[in-house]
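Lettered A, B, C, D, E and F in written order, each chain numbered from 1.
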Amino acid sequence: MAKKVVTLGEIMLRLCTPGFDRFVQADSFDVIYGGGEANVAVSLSNYGFDAYYVTKLPKHEIGQAAVNALRRYGVHTDYIARGGDRVGIYFSETGASMRPSKVIYDRANSAIAEADVSDFDFDEIFKDAKWFHFSGITPAISKKGAEITKAAVKAAKKHGVTVSVDLNYRAKLWTPEEAQEVMRDLMQYVDVCIGNEEDASLCLGFTPKGLDVTKGKLDIKGYEVIFKEMMEEFGFKYVVSSLRESYSASDNGWSACIYDGKEFYHSKKYDVRIVDRVGGGDSFASGVICGLLDGKSTKDALEFGVAASALKHTIRGDFNMVTRAEVENLVGGDGSGRVQR
Amino acid sequence: MAKKVVTLGEIMLRLCTPGFDRFVQADSFDVIYGGGEANVAVSLSNYGFDAYYVTKLPKHEIGQAAVNALRRYGVHTDYIARGGDRVGIYFSETGASMRPSKVIYDRANSAIAEADVSDFDFDEIFKDAKWFHFSGITPAISKKGAEITKAAVKAAKKHGVTVSVDLNYRAKLWTPEEAQEVMRDLMQYVDVCIGNEEDASLCLGFTPKGLDVTKGKLDIKGYEVIFKEMMEEFGFKYVVSSLRESYSASDNGWSACIYDGKEFYHSKKYDVRIVDRVGGGDSFASGVICGLLDGKSTKDALEFGVAASALKHTIRGDFNMVTRAEVENLVGGDGSGRVQR
Amino acid sequence: MAKKVVTLGEIMLRLCTPGFDRFVQADSFDVIYGGGEANVAVSLSNYGFDAYYVTKLPKHEIGQAAVNALRRYGVHTDYIARGGDRVGIYFSETGASMRPSKVIYDRANSAIAEADVSDFDFDEIFKDAKWFHFSGITPAISKKGAEITKAAVKAAKKHGVTVSVDLNYRAKLWTPEEAQEVMRDLMQYVDVCIGNEEDASLCLGFTPKGLDVTKGKLDIKGYEVIFKEMMEEFGFKYVVSSLRESYSASDNGWSACIYDGKEFYHSKKYDVRIVDRVGGGDSFASGVICGLLDGKSTKDALEFGVAASALKHTIRGDFNMVTRAEVENLVGGDGSGRVQR
Amino acid sequence: MAKKVVTLGEIMLRLCTPGFDRFVQADSFDVIYGGGEANVAVSLSNYGFDAYYVTKLPKHEIGQAAVNALRRYGVHTDYIARGGDRVGIYFSETGASMRPSKVIYDRANSAIAEADVSDFDFDEIFKDAKWFHFSGITPAISKKGAEITKAAVKAAKKHGVTVSVDLNYRAKLWTPEEAQEVMRDLMQYVDVCIGNEEDASLCLGFTPKGLDVTKGKLDIKGYEVIFKEMMEEFGFKYVVSSLRESYSASDNGWSACIYDGKEFYHSKKYDVRIVDRVGGGDSFASGVICGLLDGKSTKDALEFGVAASALKHTIRGDFNMVTRAEVENLVGGDGSGRVQR
Amino acid sequence: MAKKVVTLGEIMLRLCTPGFDRFVQADSFDVIYGGGEANVAVSLSNYGFDAYYVTKLPKHEIGQAAVNALRRYGVHTDYIARGGDRVGIYFSETGASMRPSKVIYDRANSAIAEADVSDFDFDEIFKDAKWFHFSGITPAISKKGAEITKAAVKAAKKHGVTVSVDLNYRAKLWTPEEAQEVMRDLMQYVDVCIGNEEDASLCLGFTPKGLDVTKGKLDIKGYEVIFKEMMEEFGFKYVVSSLRESYSASDNGWSACIYDGKEFYHSKKYDVRIVDRVGGGDSFASGVICGLLDGKSTKDALEFGVAASALKHTIRGDFNMVTRAEVENLVGGDGSGRVQR
Amino acid sequence: MAKKVVTLGEIMLRLCTPGFDRFVQADSFDVIYGGGEANVAVSLSNYGFDAYYVTKLPKHEIGQAAVNALRRYGVHTDYIARGGDRVGIYFSETGASMRPSKVIYDRANSAIAEADVSDFDFDEIFKDAKWFHFSGITPAISKKGAEITKAAVKAAKKHGVTVSVDLNYRAKLWTPEEAQEVMRDLMQYVDVCIGNEEDASLCLGFTPKGLDVTKGKLDIKGYEVIFKEMMEEFGFKYVVSSLRESYSASDNGWSACIYDGKEFYHSKKYDVRIVDRVGGGDSFASGVICGLLDGKSTKDALEFGVAASALKHTIRGDFNMVTRAEVENLVGGDGSGRVQR
């Protein structure tokens, strides 16, 4: 019997220009459904967990297509409320070399942003669940979103469910002040805190020392300091972050670090040639969650997460279409890319 | 020097499934920009007029792509205000046989729906203009839309511009009561009233007798009666309607009628095999406007309009990509479809 | 709580040339997963039933993609055994006018053809089930297929499940003699027998009188006679057939008839412009099953089935992507194909 | 050992808009290589003859791609001279309903139009050949083209090869006066003369009586009269014509007639739903040639030709991708379009 | 009121194989319209100038599509003469790694190559213009092309318009001797001379010392020497060149240098991963022109130009689809390629 | 008169996901026909040899499409037997960065695997032939395949034909023991033995010392030792191997080495950015064969082979679409990737 895991958030319709085309060149859009926590649900389903996704989607066919995208990869959609007017949309174009990828959001007034706590029976949802994952996006999309998130984490805790958060600060959705007011309160329910240096700063008021993000240079020592401070203040069991070095839109360095209250680990670093970096952070969170649920050591859970998310960068779409075996193979050291026959 | 014509309305991003695919099957959407009055502007530009389109569009690239779609076909975009958050969207799938085409709207809070009268300098816009065309959709999208439309028709009249309306009732946007309150008031500025039997009934309170729309049977006598009554009440110079007989989603009968205060004409009827019927009505309005601007007789203007719009049904997208010569050729009787080398 | 329905069979990888291209022209194939009973499962899931599909599929990604195609549309895949070497394949090209559609099978040695009765726990499968549907294809693919089918119908009966069969004779898979030996034995478990005139003749030894299939002329009286004889001999509760008149590869007449032991009904006839006729029969079976499960009258169940399957002909792929509401709308008489906004 | 047949002409690069898109909408062109006599060569290769195609093509990759298109379908390209600057091009868009298909030629100065008689060793080419086919296009493209054609027919006759011509008048290439001067001279070498009523009139100075082509009405009696007169004057062994009734760009009536000096036959008529009508006439010529080479009766050769070309209308591209068996099947009466499994 | 800028040249139909496919593999071509000076016009329009493009194009739809491609991006097409037979064509395939991109030209006898000086009213064209840009391609395509170019530069000078040239030597169009005869004469009207080392040598008779182009090694000192000599002889105000280091077809080094009579600058160098390098030089010229028109310093204009053109290499098609803000951002140092949300 | 060369093997239908999509994401497959020895035949045809390919293919259209794929590129298909049930299939997805490309085989029971020696007239096939090439795949697919291979090499030797083998061990098809039993016996007929270090070890029982394949490190000295030992034991005239260094799925190092009994050469090494590495080894074999057939020196033949195959990595599909001139250009040192106009 697979373990039940729950994620909550907004799944959006991503309209993606083909290849490297710019928005103004596009005569068609690739249709992709994705969103932070939905991406985590799909990954966890791929790894063999019974993943349940909680959101609200309109009854019309675009809403149905979002449901179908989740079902296709085995995510349980029983807890998705149906109603509201629209599926949140974002447009994306894929960058190359020194031209960055670009995202235009059109997500206001989506069904989940206008949903109500009463749309969800969290006692039913968290019954027998082992893990709950949410991100800083859902409480940011609307006041209702923040209320639903609060209700969810409280119910999760009540049912003894482990809670993880991906801080994921979104400047288009709220100010740091607004974010900190909501997010700091939610942290009391969180066991595993995931986020990069910017998110931590903007959502929780922490600033990494000695890091100049725009220069792509990361001081690993700084992370260790912050992680310890964060754990002290919020009582997290784990603090985790991916570490991206943006050499260009085409090539990134990718590693991660974790602190479990005892040891601080910095993972192996991968140099990735990027196919689609959207969902990279989500695939990292999923990998770490998988590792911890499996009872791996802190270090091994981290390495599983970073390998899983390195692979994600080579896959089109938000979802990380990899199996455990593929991740383990990369963790084991085979990054040679030789053909698998 | 080509005649200046002006249209006002909302251009939307149409996301269209490929071929006959249903929404839930789509892995890509064709990207089409269109909307009632924009379609008219493009047709009039194709016919050689200096067509100006008035709307408001966001500054981001999706807004820019809408501007570009108009410029591509020669429409002047100088009067388009830039600002606001979003481009209205509609999703469409193309029906076949007894399966109807389907449209899902996601247009609330678009830039034009939230625009202000002050965004437009109507004195500048109607300077030297010969014709102004609007539809019943723009006043329906929002209170602001209704105000802008009112300001536009008043300014058009002040500048001696001929005004045409396509009634185009949209049940998703307002009730008949709301429609009639706004639209009846606007009719005092209208010279040419275009609309099918349903629109007239719902927007203006007229009901054709002896017509059972769902059965696809139209009593042409009924139209004559109504048209005369409408002219009496509102003082229109012309009352016009296309007449669609929906045999199926693949095949329609297509004709039109007009009343000019003296004579009532029923055009030739075309049986059309449909490629894309969206924009059919707009192409009809454009053809009639072109005919009247050219000084054709009432009957000839009608035949030009109905031939133009019959051709539209064979063309993918909202815009009617035909030349005057092609329309005249069909009016002249060559519907044999023999290859043009 | 939705009713549980079960279907058993082979889901195949259909490699379909784009548009109307011939096999020798194809530079890509559309990837579609489908198969008689899988198509029925998807339809029943679309109608709101808890549909379970039983088959065996390889563990590799092509097998997984077949599982995903079912999950996408809500079919439960818990009872699908995983193993074996290959997914059965068929290549298809879509005909037009007097050029027929063409199918090339490459299905030998598929996982389900080489599966064993022990791969399936039919007591678990039929627990709480209301309906079981199979076709004459599964027992034809291999001796193992026949054994599994036999085990399934026996278990279904044991659990009081209603059993329907679609006779579906396949000349490439067995001779009439072989078919009749197996199929006549299975009929003792069948409540609802579905099949056209050819299938009945080849699978069960019945020959309709006065029917010349190649001429596309069907004598409805002949059907009534046969249906009564069939019911007498096999004790069916319902005998049902779709009636196809192939005017050409592009246009067909489509109706159906049913006999329930008391009355014989011939449905309304639809003239369909074909987008993809593969799966037409399966969508008819699904519609009739839905109607009977819903407790509709014999006539209404038939009309639901024939309307559902008329719509299927307008949809690409094996699966019938329609909702109950869309079918009911067509049953109610609106085949005008007017745009649904 | 298959019979050797030879055709001579220009193979062009056809740039075709996708689906029914108009030229101004196209963001990509389908790449098709074709041309009257090349189409005949491909058909004859498909029917099992050793078909040789004679032309001149540039050495660059576009020229090579044209060679490859022929080789792909088994046409021998040993006699194709390589050199010159360009491959002739034509742009095509596919019409629908009352919108005609449209072709824009860009063929001036192609390699074959600038080729020299010395580029070809006609004695080698016609050694052991049974049939030579050319059309009225090649002599029209340039003076050189006319010289090469003359040299070819003379050599063919010297080698005892049966010669057929498809008159194929092209108004963009020459005037009727120019055409008649060249073509009437060539007729002395021709055994089988193929062409519709317009071509005969413009190339050879004949006018069918009682035929109003634009109205799509053909008086079959008129053909009989003309054919007899033509045979008397030029000594043809067969005079043949396809008979197209253009109901619209989507639907045509298609039949043919032949006179062999004794009997005049009018074939069965097919109503065709058109996928691509380009190459329809060539596929008819090919079918008749195949029939005569096979030693069929006059009537049977005609029926083979008209069935073959009816099928061509359902196939994308210039080439007729059908087998003998498929043609014979349609001749035999099965136009029901039932799926071939 | 935006500044009026004018460019003159040939816009061609570029038929581009999809992805990295070779010509002989292509079943479709991407349709792109572009050409040196048209590319400059589009860039200048993108930067907010009133860009006018001068050429001649056929009246048919392929000519119209070229006009539309320019209008789509805001270029004024009022001065485009319509007539002539053909749009020049070039076929392109995109290289990778050590396989170079390949171009096949089919441009002879295009409408602009056969145009006459009388087709253009240069006094009207240069009225109120601030800048005129042309290249060494237009005078090379035909004698008429050279005459038109001469007439244009003379008229530009008469109207006090700043003139820039991109030397752009094309070996397929003329010999160095022919080029130098025409180009040296035109230089008297030129203020800004743009071109790489080869172009300068072949068009104007200069040879950079110490440069071995095939090895991809550029001696920046050599450029300084040549630029000073060029300025002395021709009286240019600026001499400019991009500097490409071809590591492979996939990766290039890209920088530029400029001399303004006082200082010689070598820009920042970018290492670019190439999506499409066609139009790279044109985007560089456009950027420098933009910078100079804006009144930037010599160095800043150069950096704007090289950043703009580095970005161009990441964009499919001839046109550089970037905004000023995007260029400035890269000039400002953010080449990290981080996602822009 | 071109030299006749013969290859024997299995041509398969390769179903390839578009771009970098994973199997479970694919909604279409690119259709590619290829296979080791077919790829060699195409390359040799491209280089101007009269290449004959020997295999067996079904009579249906998928078999015909495989024949056509070969004919398209000039390969003679006269010796291909027609019959059997299926074309072998393999599914492929293209890796990127650390995600390897993946292949799923579905090739059992293909026509050639079930063919008989009597299907081929090897005396006719090898008449006047200069070279015969086969691989270790054909004897591995079935016992019949091994018999046919044995019959072929014996006949080749009888006719004085030079014989080359590409060892190509396939673990999915046989064990090392099975392989060695069959392959060691075949070596007595072989003149040129091609294969990488793994193939040699598994097929012939040799193990290179000091090579750790998974680490991508190759000790060139080890190759020299093995090659000399192999030549002693089997009497080969040449022993050849490509040397791949898999940095990742996107970037490989590529070189080769050869021993001719006197000298051992290690070629120039290329760093290749990969478009499609399938067929890389076959293109290397083809290049070496071409060089030896041309009478090049051992070293030059090797350099031709390695340059040809470096280029192959930049080309989609199994076939190496390059000309001699392109290969020679790269051998000559121009790997700068500058545009060829």
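The definition used in the following text is that contacts are C-beta pairs under 8 Å (C-beta built on N, C-alpha and C of every residue); 3 or more make two chains touch, one makes a residue touch a chain.
If you're wondering where the values come from, they're calculated on a predicted model, not measured in any experiment.
Novice: Which chains contact both subunit A and subunit E?
Specialist: The common neighbours are B, F.
Novice: Would you mind working out whether subunit D and subunit E touch using mostly the same residue numbers, over half shared, or mostly different ones?
Specialist: Same: when the shared numbers are divided by all numbers used, the fraction is over half.
Novice: Considering only mean CA positions as chain centres, point out the chain farthest from subunit A.
Specialist: Relative to subunit A, the chain whose C-alpha centre sits farthest away is D.
Novice: What rotation angle, rounded to the nearest 5 degrees, superposes the C-alpha atoms of subunit B onto those of its identical copy subunit C?
Specialist: My answer is 120 degrees for the C-alpha fit.
Novice: From the mean C-alpha coordinate of subunit B to that of subunit E, what's the distance rounded to whole Å?
Specialist: One centre to the other, that is 42 Å.
Novice: Rounded to the nearest whole Å, what is the centre-to-centre distance of subunit C and subunit D, using the mean of the C-alpha atoms as each centre?
Specialist: 44
Novice: By the touch rule stated above, which residues of subunit E touch at least two different other chains?
Specialist: 22, 24, 27, 68, 73, 102
Novice: What pairs of chains are touching here?
Specialist: Here the touching chain pairs work out to A-B, A-C, A-E, A-F, B-C, B-D, B-E, C-D, C-F, D-E, D-F, E-F.
Novice: Taking the complex as given, what residues does subunit C use to touch subunit F?
Specialist: These residues of subunit C touch subunit F: 15, 18, 22-24, 26-31, 60-62, 64-65, 68, 85-86, 89, 91, 102, 104, 106, 108-109.
Novice: Taking the touch rule as given, give the residues of subunit B at its contact with subunit D in the complex, in rising order.
Specialist: So the residues of subunit B touching subunit D come out as 73, 270-275, 310-311, 313-317, 321-322, 326, 330, 333-341.
Novice: Within their complex, state which residues of subunit B touch subunit E.
Specialist: 68-69, 71-74
Novice: So in the complex, the part of subunit A that touches subunit E is made up of which residues?
Specialist: Touch list, subunit A to subunit E: 19-22, 24-25, 95-103, 105, 170-172, 214, 216, 246-251, 277-278.
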